[in-house]
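In the two assemblies presented below, chain A is common to both, partnered first by chain B and then by chain C.
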Partner chain A sequence: MAALDLLGGGFLAAFQFWSFMTIVTGLLVGVVAGALPGISFVNAMAMALPFTYVMEPTQSMLFLGGIYVGGVFGGSISAILINVPGTPASLPATWDGYPMTKRGEAKRALTIAVTASATGGLVSALVLAFLSAPFASFALKFSQPEFFAATILGLVSVIAIAKDQPVITMVSLLLGIVVGTVGVDPLYGQARFSFGVPEMESGIRFVVVMIGLFAIGEVVDLLATNRDLRPKKSQGKAIGASFRDILNVKGAIARGTGIGCLIGMIPGAGATPGAVIAYGIEKQVSKRGKDFGTGVEEGLAAPEAAKNATTGAAMVPLLTLGIPGSAATAIMLAAMMLHGVSPGPLLFIMDPTMVYTIFAAMIIANILMIFAGIGVAQLFSTLMRTPPAILAAFIIVLSVVGAFGVRNNIFDVYVCLAFGVLGWGMKRVGFPSAPLVLGVILGPLAERYFLTSMANAQQDWTVFFTRPISGTILGLALVFILWSLSPGIKRLWIARRA
Partner chain B sequence: MKTLLNKTTLGATLLMGAMAMGGTAMAQGYPDRPVELIVTFGPGGGADLMGRTMAQLMEGPLGVSIPVSNVGGASGNAGLTQLRTNPADGYTMGTLISLTVASWASGLGDNKPEDFEVIAVVQSSPSFLFVPSSGAHQTAEALFEFARGNPGAITVATSGYGTQDDVTLKLLANAGIQMENVPFQAPAERYASPIGGHTAAIYEEPGDVAQFVQAGQLVPVVVFAAERHPEFPDVPTSAELGIDISGLDNYRTIAVAAGTPADIVAKLSEAVATATASDEWKAFCTKTYSCITPVTGDAAQAMVSDFRDLIAAQLAN
Partner chain C sequence: MASAKPNQDLGQMPQAGRGIPPGFLRLLPTLIPLALLVLALVLPGHMFQSDQTASRVGLGPAAWPRAMLMGMAVFAALWIARDIWVLSAAGRKPTLSIPVEDTPYHFGKAIIGLIMIVAYGWLLPKIGFATATAIFILVWCLFGGLRNLLVVVPVTLIGTIALLWLFMGLALMPLPRGAGVFDNFSIWLLRATGIY
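Up next, the complex of A and B:
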């Protein structure tokens, strides 16, 4: 009951006028920044950091928490409406969300997405509030072999997502992994594939690749094909998703939420792998799995729920252990440290009011997100009535700014433009670019976890299979890949027999 | 909570005040516009906290705002390359820390000590070996004894190969205490690993793991310094245990590009001195166990080049 009392106190504190306004402001900033291609919620949080200097520690967390929750969802607005993911985690939203928009069901897609996101986020916030302590000790059981196994599961999910082209998906994925190896290796400090260019030594950032492939690539395609983005007539009448629509995808939302909560707790994983794995699993589990990619509601709901379900979960290791699991929570850590607050086990004893105010704020933020999300989405639909050329110009400017902002380096802008041209070319010939981005994100993680695991296990590779959690996850990955390839294998087998 | 409004107003007033002061400073020249501070690592780490605290405290004496930008990558070399290639006009400062200097010794990056003018060394801390409180070996003697009998069986979480962490472990190995270096690039994962029981020990400066030490999750067992640390008087130095390892302290500096005019360097040096004399800074460095009398001028410059040579010599062994 103590937790409930404290949470009640947290709600009272969070509902104070200025605290509440801070959450709302953060949320709106997050949704808008997330929705703008080129500005991810991580960028927005980093930019917001100096503003938190003048706030109280708790307030700064409410602000950043609001941006985090709003930003993770916001990316899906542009993903669904214009096929440009606003943040990497919204990549799966383009696969089934955008096809719905093309059918004239943009509003329905957005309503399903925001409901799924809010549900995932809300459950995750409740998990944070009530299960922090047991989950924290569970998270500590995870070490490098487990992180490696989870990353492999993520990579395998990418292949499982492939509709009917596993081979070129794998080629694209491997290409991404190669791009991810550019730069100084994480352990030995040796430069690879940098061709003597100093800027390349610091590697190619996945955000830059993503902005290039999707935002720039999409815009060039938009201009080249003279496509009309304006909403179809029918869309004006079609109101959001009905209650029945939501009920129909409740299974997908539940599964996505569960996956997101689990993945979110793993330090280093975060929203993107969460969303991708949820999509992959949903594709296998759903009755309509075969149709995924054509605008199936479950394919939209599951990853949407999963990515927001990582938000609360990712704060579990931050608040309970003082260990940030992702870039977003690292920024929160910075904000707390700058105020002289060290998150960790002591925080629960020293300042429970702060901790429970943050819990309450995360719950409130996820509920408010439904309104903020729909409001901003409305704004964006209006934006889409602007002529494509003007819209394209805006997206390009934002993309360039976003690429530059990753680490304030002009070189990244060139890389981004190069990937833009590549992305357009890939789109033209029907070569999937999403696996490439995921390869760039997951490849370096897999490498780092693999090398550290090996160093820790006296170079004994069996460690990945003998550790129970790691072995289970890898087993799951194997089942997963066999399952997704089974139709092909079966076909081959029958052909062989005939 | 009215305080936000008050604080915002206060902040705005201060900002306006700062701008007005910037206006008067313009008459005397530097600085007449914001001075950027490049933090050469991502947000949330030790360098970031130092940079952001320093930026806040230097705004007063310099009279202009000091925006911080995180340019991480390649052990801090990405940000330093930017500092080096920006105009040497004093409008870009950067954090230059010992970890990056050590990376030069192992051939990383294309930066050299001569490329930078060190304004001041502002933080320094010796490193310790910490063991988890749940671990099997609760003293350095027990830990080393076990390592002597079981070479490579003790795993130590470090920040990487080719760093002072690596050098320390190599020196220990030369003395017959062979422990396995397990590099973790992400600090959070590094801290979590001994606490979760995945590594037997961690090589770290106390400031970065203060919260875990205070919570009793990590126990310091040995300090690699000439003398015992005043905050941890019960922890023996490695020399007391028969292996003299010192001079590998983790330090952090504020630097500008070489060739910055001397009067600008002097002005910045003065601002850093004012900042480090403030109560806020004292509170910050006490909390991170890293207070030192700031080292400036040629001594600071020498500290950087000597450190690079020392690490290079050790790695060559």
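Up next, the complex of A and C:
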């Protein structure tokens, strides 16, 4: 009851004119930044940080929270419309969202995505408001082996998207992990695979790889096939999602939301593993799992719900323990500390108004996101009417600028172009690039957690299995692999007996 | 991601790979695992520069990449084994196969497109963002089939200025200005547009 009263007070504070406008501004900045490939919402949050100096502590959190919520969804707009994920967590949106765009169902895909994202985010914000304290005590038990196990669970989930090609998928994933090892290692400080190139010592950034693999190959294919991306008209109206479409994916949204809430609360996991794991599980659960990757609505809805469900959940360890679970929440922690606010259990006692205003703002932001998302998506959708040659030229320029902007370094542009050529080649021979990207994103995290766990346990590898939570997560990963491979093994068995 | 159907019969090759000899196309997918296997076996020897040795404390910086390369070698070997099994009998499909597009795919056009993109990236630090971008947009649009100069030229000029204003003016990104005369031109342009 006390929580409800406090949340009511939070809503009153969040609906004050300036507070409300701060949420709306943050949300719009986040959606636009998330939708622009190469300019992630985390960059936008970092750039917005100096502006929060002039704000009240609560207002600064509302602003950054708005960017966070809007940005996590915004990445899916470009993923669905031009096959370039604006953020790593939007990668699964390219697998089923973009094929829908190619069928002329961009508007329908965007409506399903924004509804799923808003639902996931809203439930997650409610979880944040009511279950913060109990979940925080669970997350406190996490250490390096548990983070490693959670990352491994994210990596193996790629098997589920293997399309009956687990061996190739594993090769692609491992190749991505090897690319992620380029540069100075996280524990010993020694540069690997630098081949005497100083820029290589700083490593290869996943954003650069992602832009190259997805944007350049797609644009070249656009040129080579003269494909028409204009939305198809159905009786004079662009094909949008009906209420029935949303009802048809309610199960996928519910499952994605549940997975996102759980994953989001694990510090270090974040939206990307949440979305990928949700996609993998949905592929196994859905009756149309075999068709995933061809534009199946459930394959779009589940990861969309999951990735936004991590936003509220990721705030749980931040607000209750002061542990930022992702780069975005780390910036929020920095903003709180700049204002002299120390997050942790005491914050709930010292300044409950601030805490519950943030909770209320997260709920409001997720509801407003439906309108902001559709508005920005409409803007992007209009872009699709542009002649493909112009669209392609600008996608290339934006991709090159996006790669350059990662470190303001021309070397990243060269890397991006190299991966662009590689990505085009991979696409031409049917070699999957998505596992490679996932390997580049999660590989460095897995290495860091693995090495620190081993160092802390005096190189005893059993630490991953003897710790109950870590062992359980790794057990889940094994079950997941077997579950994903079971249809293929069953088919082989039947063929052999026949 | 693409509308490719990975396991489609290779008999439909003419649409899939126009401009590439069919024999090479059949061989290409089987060469990839071999190349990856060789890469996985060769790379551990080139992990550190010749004047460096790996730290001997704990597992060391080479442990993780070496394990991943070993895993890659194992899976690449499995892939090769499967493809040899495939080639030994008729009617079986190789692990990788060229995707078949639902519309004709012009390989020559794709290769020229890739060359144009790489040339754009290569020219950026030499002739500057503004000049390289304007040339790239103009050439790409013309090559992409947009021949109306009344559309292409304004799109090129307005687009380049808008991008300059957005990234160098608003986001304060230090995009390359080029060298020599191109640097002077970039500075003049940035001053003329009010960015500097």
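The criterion applied here is as follows: the second predicted complex is superposed on the first by the 482 of 498 C-alpha atoms of A that agree within 3 Å, B and C clash if a C-alpha of one lies under 4 Å from a C-alpha of the other, contacts with A are read in each partner's own complex, and residues count from 1 in each chain.
Assume a contact is a pair of C-beta atoms (placed from the backbone, for glycine too) under 8 Å apart; a residue touches a chain by one contact, two chains touch by 3 or more.
Predicted model only: the values in this text are computed from it and were never measured.
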{"item": "When chain B and chain C are modelled together on chain A, clash or fit", "value": "fit"}
{"item": "First (chain B), second (chain C), both or neither touched by A:Ala389", "value": "second"}
{"item": "First (chain B), second (chain C), both or neither touched by A:Leu476", "value": "neither"}
{"item": "Partner chain(s) touched by A:Val178 [first = chain B, second = chain C, both, neither]", "value": "second"}
{"item": "Touched partner set for A:Leu187, first chain B, second chain C, both or neither", "value": "both"}
{"item": "Partner chain(s) touched by A:Gly340 [first = chain B, second = chain C, both, neither]", "value": "first"}
{"item": "Contacts of A:Asn408 with chain B and chain C, given as first, second, both or neither", "value": "both"}
{"item": "Chain B versus chain C as contact partner of A:Ala455, first or second or both or neither", "value": "both"}
{"item": "Which superposed partner A:Pro198 touches (first chain B, second chain C, both, neither)", "value": "first"}
{"item": "Touched partner set for A:Lys427, first chain B, second chain C, both or neither", "value": "second"}
{"item": "Chain C versus chain B - closest C-alpha approach in the superposed model, Å", "value": "9"}
{"item": "Shared chain A surface residues [contacts with chain B and with chain C]", "value": "187-188, 191, 408, 451, 455"}
{"item": "Partner chain A, residues of chain C touching it in the complex", "value": "1-4, 6, 17, 28-29, 32-33, 36, 43, 46-49, 52, 54-55, 57-65, 68-69, 71-72, 75-76, 78-79, 82, 95-99, 101, 103-107, 109-110, 113-114, 117-118, 120-121, 124-125, 133, 136-137, 140-141, 143-146, 155, 159, 163, 167, 171, 173-176"}
{"item": "Complex contact set, residues of chain A against chain B", "value": "16-19, 22, 46, 49-50, 53-56, 59, 140-144, 147, 183-184, 186-189, 191, 198-199, 201-203, 267-268, 317, 321-325, 327, 330-331, 333-334, 337-338, 340, 342-346, 407-409, 448, 451-452, 455-456, 458"}
{"item": "Parts of chain B lying in touch with chain A, wherever the complex brings them together", "value": "1-5, 7-8, 10-11, 38, 42-44, 48-49, 52-53, 56, 67-75, 77-79, 81-82, 103, 106-110, 152, 155, 160-162, 180-186, 188-189, 191-193, 195-199, 210-212, 214-215, 217, 283, 287"}
{"item": "Chain A residues within the chain C interface of the complex", "value": "39, 83, 94-95, 98-99, 102, 163, 165, 167-168, 170-171, 174-175, 177-178, 181, 185, 187-188, 190-196, 214, 216, 218-221, 223-227, 293, 387-390, 392-394, 396-397, 400-401, 404-405, 408, 410, 413-414, 416-417, 420-421, 424, 427-431, 433-434, 443, 447, 450-451, 454-455, 459"}
